[in-house]
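Worksheet: the structure to be examined is printed underneath.
Note that the chains are named A, B, C and D in the order they appear, and that numbering of residues resets to 1 at the start of each chain.
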Amino acid sequence: MNRLLMHVGPSIGNRDVLLAGARDNIGFATKDFVQAMGDSLEGLRMVMGVGGKFQPFILPGSGTSAMESVASFLHEGDRVLIITNGIFGNRWEGIFSRYRVKCDVVGAEAGESVTPDMIREKTEGSHYRMSFMTHVETSTGVRAPVDSLLKELKKVSDLITVDGVASAGGELVDAEKRGIDICLTASQKAIGAPPGAGLLVASEKAMSQLADDSLAGYSLNLKNWLPIMKGMEEGRGGYFATPPINTVFSLQEAFRLIAEETMAARLERHKMASGMLRAGIRGMGMEVVAGEGIESNTVTGLRLKNSKQKDVLEKSMKLGVEFGSGVHPGVKPDYIRIGHMGWVQEHHVLRALSVLERSLKASGESIKAAEGVKAAQEFIT
Amino acid sequence: MNRLLMHVGPSIGNRDVLLAGARDNIGFATKDFVQAMGDSLEGLRMVMGVGGKFQPFILPGSGTSAMESVASFLHEGDRVLIITNGIFGNRWEGIFSRYRVKCDVVGAEAGESVTPDMIREKTEGSHYRMSFMTHVETSTGVRAPVDSLLKELKKVSDLITVDGVASAGGELVDAEKRGIDICLTASQKAIGAPPGAGLLVASEKAMSQLADDSLAGYSLNLKNWLPIMKGMEEGRGGYFATPPINTVFSLQEAFRLIAEETMAARLERHKMASGMLRAGIRGMGMEVVAGEGIESNTVTGLRLKNSKQKDVLEKSMKLGVEFGSGVHPGVKPDYIRIGHMGWVQEHHVLRALSVLERSLKASGESIKAAEGVKAAQEFIT
Amino acid sequence: MNRLLMHVGPSIGNRDVLLAGARDNIGFATKDFVQAMGDSLEGLRMVMGVGGKFQPFILPGSGTSAMESVASFLHEGDRVLIITNGIFGNRWEGIFSRYRVKCDVVGAEAGESVTPDMIREKTEGSHYRMSFMTHVETSTGVRAPVDSLLKELKKVSDLITVDGVASAGGELVDAEKRGIDICLTASQKAIGAPPGAGLLVASEKAMSQLADDSLAGYSLNLKNWLPIMKGMEEGRGGYFATPPINTVFSLQEAFRLIAEETMAARLERHKMASGMLRAGIRGMGMEVVAGEGIESNTVTGLRLKNSKQKDVLEKSMKLGVEFGSGVHPGVKPDYIRIGHMGWVQEHHVLRALSVLERSLKASGESIKAAEGVKAAQEFIT
Amino acid sequence: MNRLLMHVGPSIGNRDVLLAGARDNIGFATKDFVQAMGDSLEGLRMVMGVGGKFQPFILPGSGTSAMESVASFLHEGDRVLIITNGIFGNRWEGIFSRYRVKCDVVGAEAGESVTPDMIREKTEGSHYRMSFMTHVETSTGVRAPVDSLLKELKKVSDLITVDGVASAGGELVDAEKRGIDICLTASQKAIGAPPGAGLLVASEKAMSQLADDSLAGYSLNLKNWLPIMKGMEEGRGGYFATPPINTVFSLQEAFRLIAEETMAARLERHKMASGMLRAGIRGMGMEVVAGEGIESNTVTGLRLKNSKQKDVLEKSMKLGVEFGSGVHPGVKPDYIRIGHMGWVQEHHVLRALSVLERSLKASGESIKAAEGVKAAQEFIT
């Protein structure tokens, strides 16, 4: 029987996107591939909300690869500021601890977001080469209050990098208008393609500082990829390392579908699905992890009271839906994560809630039958 | 009309392998994915000719990612020896020039291989932390005389890394028996899956030296991936960064097909196809780039006399076959590359020769009709 | 966005079954095809509940083709009895009016079933060469009380044919035990493969009467197909007319999945889904077409009060679910049909109800939000 | 390893056409399906060379179903004339022997065609309601001299039916210009879709004689299908019996590809491939079954001298190519059939010849290595 993936990335699949990646083998120098890469680079601009002045990159690897590639803009001894709302915000420190940069970190409690005040307090009198923040924190589903945080970060840093891994394609990124210099994501999240590529856009200002003597290594050094990306958009093939060809064909199809749907409709759909899910969770008497007003469109943490995530996840899987495990140690006593991104529709949420009601109850929570699906259905009626 | 890809990687495709990567989305924590990764790690051992004492890794990215991950075994100030027969041998220097290691390089003329003598001459009195060599040089199709070179390298270096990108799956690697410490490849070459993963095996000796304070960065740091890989083989999911899920399902299917065919039959098939191709090339009065006795099973350079690669490639493409461009500046006056790896069969070679006869002739070479296909057909009769 | 088909056949699809029919072309004389046909003939026995003494047939065409092929057992001047509960029961008369047989017909009101008494009354003192009845009437969703009707039919006819088009695979057929001589279906109904084949099993008694001088034409003459079917089960290819090769590969996969699930679990799943659907329909204050106790597992008619089928169907389609139109003129004032067969799961029913609540309301019915999904969810909790 | 089907139908496959038939289930009343059927009916006109005055039909079943559906134009006691060049010409008699019509038959020797004189001799003083001829006789590969035969048939019959099963899509049919009243084919032949549908076009004159009291049965009665076909072209869904939905989606894609290629280029490609194949066969010292000047573009019989078809077919299959068995008892001593239709390209022919050289030799024929592929390659150079 068919199973539904509502993990936090990859999440719900799309047959056309998947089959686009299974076409007969074709070389990376062909017109078809150059077109697919060119279309995907342009599609990335659309999702990130940037124009022709931003340089897009599609790299082999994962979202973490895209994060690490930002070392291409850093030099030995640089000072950076890391704003973190959880596990994936912390990852910036994990990465740069391998490089010769100095990291200042501002962190929030699990389920909450760093505030402008916390930044001000920490950074008084400091100046940073670059600051980092996470748009949607995948470990808790918290969406940072981007505008108010950016306001503070702009005061103290030359360049600002936003991790849009769990947001781009499902939340309004609007990187150019907001003055974000670097924004990155991965193919398998709210864009809805399979994993295999890290994606990044960089502003003119950032690109002007891309240097040979950066801290970046080789395969994730954007300097090495720049001529390839430029060539692809100009219709010329080129080679630095083998691109994730099949993932790029899937990305092309995903971006085509996104353009067809329009970004506005896509964001509205994500908003609807997440609102419906939260209505259902609350309807059955449970709580979401993210604090009120900072719940994301794409990832929802469901806080457990009397049950263990292992039980809930296993029972849900038996009932046909795969959710994600809770990974942030700060969420007490336990929780699970639900991904609703990319190709999510109302019926996926309904199915998830139908399963959750039963798996939660069977795991020890007191759930009254049908209250979750009822609330969700009312939400969309 | 259908087109044949005989590029140097990806090369000829396989429908079942491609469709395995287009299955409905599934999470990386599922039993199915853990099985696929476990099977692929075991399959990698089979292709590399190593047993349970070697630790296999499957990383998001490309063959170049696998190459760079070897920094996980190196430390600041290490001295390394690079044996190079062309562009991809040179890449080791490109990579390590970004790290704080000292590189000695021994290189060969285009179409030839470094010899034991050349190594002896260069390394007299020296000792290296690690030495690097390329099994099959993708830029020229030269297969290094592995055994005689290894003999020299063992004398002067602690660890030996072999780049098997263009060989593993189509040439005898036999890493354990030959005393290779680290051998790596990519998913899209002679294993025949789509691009998206770098693959690597490391000996017990190498693994014992994997250290926290290595030169490796974050996402290509094998230390970070080790618990994940071990877990996958033991049936437990785990997460460090998102694996190339779809590529891994394709790899699982590719390794299944390889085991079904047997490695011995697979190597024989590659040998037959490459012999047939060379017979055809010579039959039509043309020459191969690689010197006699060092031609590989997987990549053949075809040396042009009176034509330009651009013409030959474009005309061949119009006739339905995509070959690779010549990229080594040392091959004069010009050449193209033909990939015959993974799922190559006799009829692919016949088709390639039928097209080459016509595209070469139309580009300025004097080719007598049918002499190429005739020689190839005689070769297999 | 993906759409759900809950029509009465084909209904909900299955990716593996569909892709099995899209494998590379292969001849009907190959081992693979002979195996696929052999497996499918055996699978048909499983679904029909018959053993080796019944001869199975898989014919190019549709369920109607299978119906017409029954002419292979009839001769000029034969008298037949047709028991009909609606449009598809009537079809027997439509077919045999083209042949030289005399038809007596016993029919029921829309939404009801012919009763044993009605048969007794009509047939007193008569004898028939063959009688026909429909297990589940696709036009209304009525499941005939098979056992009590068969009891009467056995008294007055030599052979009994049951139309299992809307039942086989979703209802208990048990043809051998029940003494049915001929039972037929189509590939695209509760077996869950694409359309393209009519399927039929015939008892030893029926087969002994298959004659050269029957009324059957050429391509639907079972006499012509018999040696082919026998050969396929014995591992020999054979040709009479081109079989629906791709449909047969899909059938093979469908029967494989059915055997894996077990027929018992499959019937239980259909029962659960249909019960859940009826609970939801009644929960929202609507009614089903079929009378109480004769509702089928596979097709449900939903009776409309203040709305028109055209409106409900169009609005449902816009919300992503395709239902079937009402086709029986006797159901007043109007109705739609919902198919739940083959690969139906609980979440499909929930999705259907979520959409129906909204499309019915928007079309003029008074529906209280969420009452349908609530009742359905309670049904399965 | 991949295998090539060069049987006489289905023959060589096309991935896009196959996958079009594996899309998610969709109902026959949807806009998408109505469009697919409408496009396919129009595509059928293109392939048959007829305009809007001809009525096209797409029926569930096979080519034989389409043949039998012609009974829709006949009445009890009609006299018909059958021109046959082999097994499939004879099939008309097989079909109509089941109906109450009188058949006169004019037949040719195996490998030859009936001539105008033979028709004149047989039909002197007679008049027929309908005459039948086969464009390309699948059992021998003979293409009838259509124009000269039609000239005779027009003199003696009201309506003329041409069996284009092995020709439509690979030979010039031009039914309207030539004055053919009814022309039919099947989905899996030179149109290149999977089997599952019989296709037919009928002239205004033929359609004006379609009657309720024809000899046709039910499911192959064109009278029953007429409103459905008309509706589909006018954008309305409709139901008589379940159409072969998935085959129709494949047909739509096949016709799209045919229009893209253009019929002229398609015919030229078939001519080239068949010429190349015959050159190869003769180059290796073997003979084709069809007499000179009447060899078809789509099917070639290869006459064996010292070998048996069973051996040649089995050895060819082991070498990766599946050919068709010889089925006409009049071809002495033995022969095999090679299909080259639909998506055939030069390289398929080269591959077939490469395999044939070896399988024929291994089966007892004296074949000099490479003479077949050499001649074929020269043919296209």
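The rule is short, and it goes like this: contacts are C-beta pairs under 8 Å (C-beta built on N, C-alpha and C of every residue); 3 or more make two chains touch, one makes a residue touch a chain.
Given the structure is predicted, the values throughout are model-derived calculations rather than measurements.
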Chain-contact steps, minimal, separating subunit D from subunit A: 1
Centroid-based (C-alpha) most distant chain relative to subunit B: C
Chain centre separation in whole Å, for subunit C relative to subunit B (CA means): 55
Between subunit C and subunit D, centroid-to-centroid distance (C-alpha), Å: 33
Inter-chain centre distance, subunit B versus subunit D - centres from mean C-alpha coordinates, in Å: 47
Multi-chain contact sites of subunit D, meaning residues that touch two or more partners: 2, 15, 19, 24
Chain contact topology (line, ring, star, complete or other): complete
Subunit A contact footprint on subunit C (complex, rising order): 1-2, 4, 14-15, 320, 343, 345-347, 350-351, 354-355, 357-358, 361, 369-370, 373-375, 377-378, 380-381
Footprint of subunit D on subunit C - complex, ascending: 2-3, 5, 7, 9-13, 15, 18-19, 21-27, 29-30, 60-65, 67-68, 71, 94-95, 98-99, 186, 188, 194-196, 216-221, 239, 241-247, 317, 322, 324-325, 327
Complex contact set, residues of subunit D against subunit A: 15, 19, 24
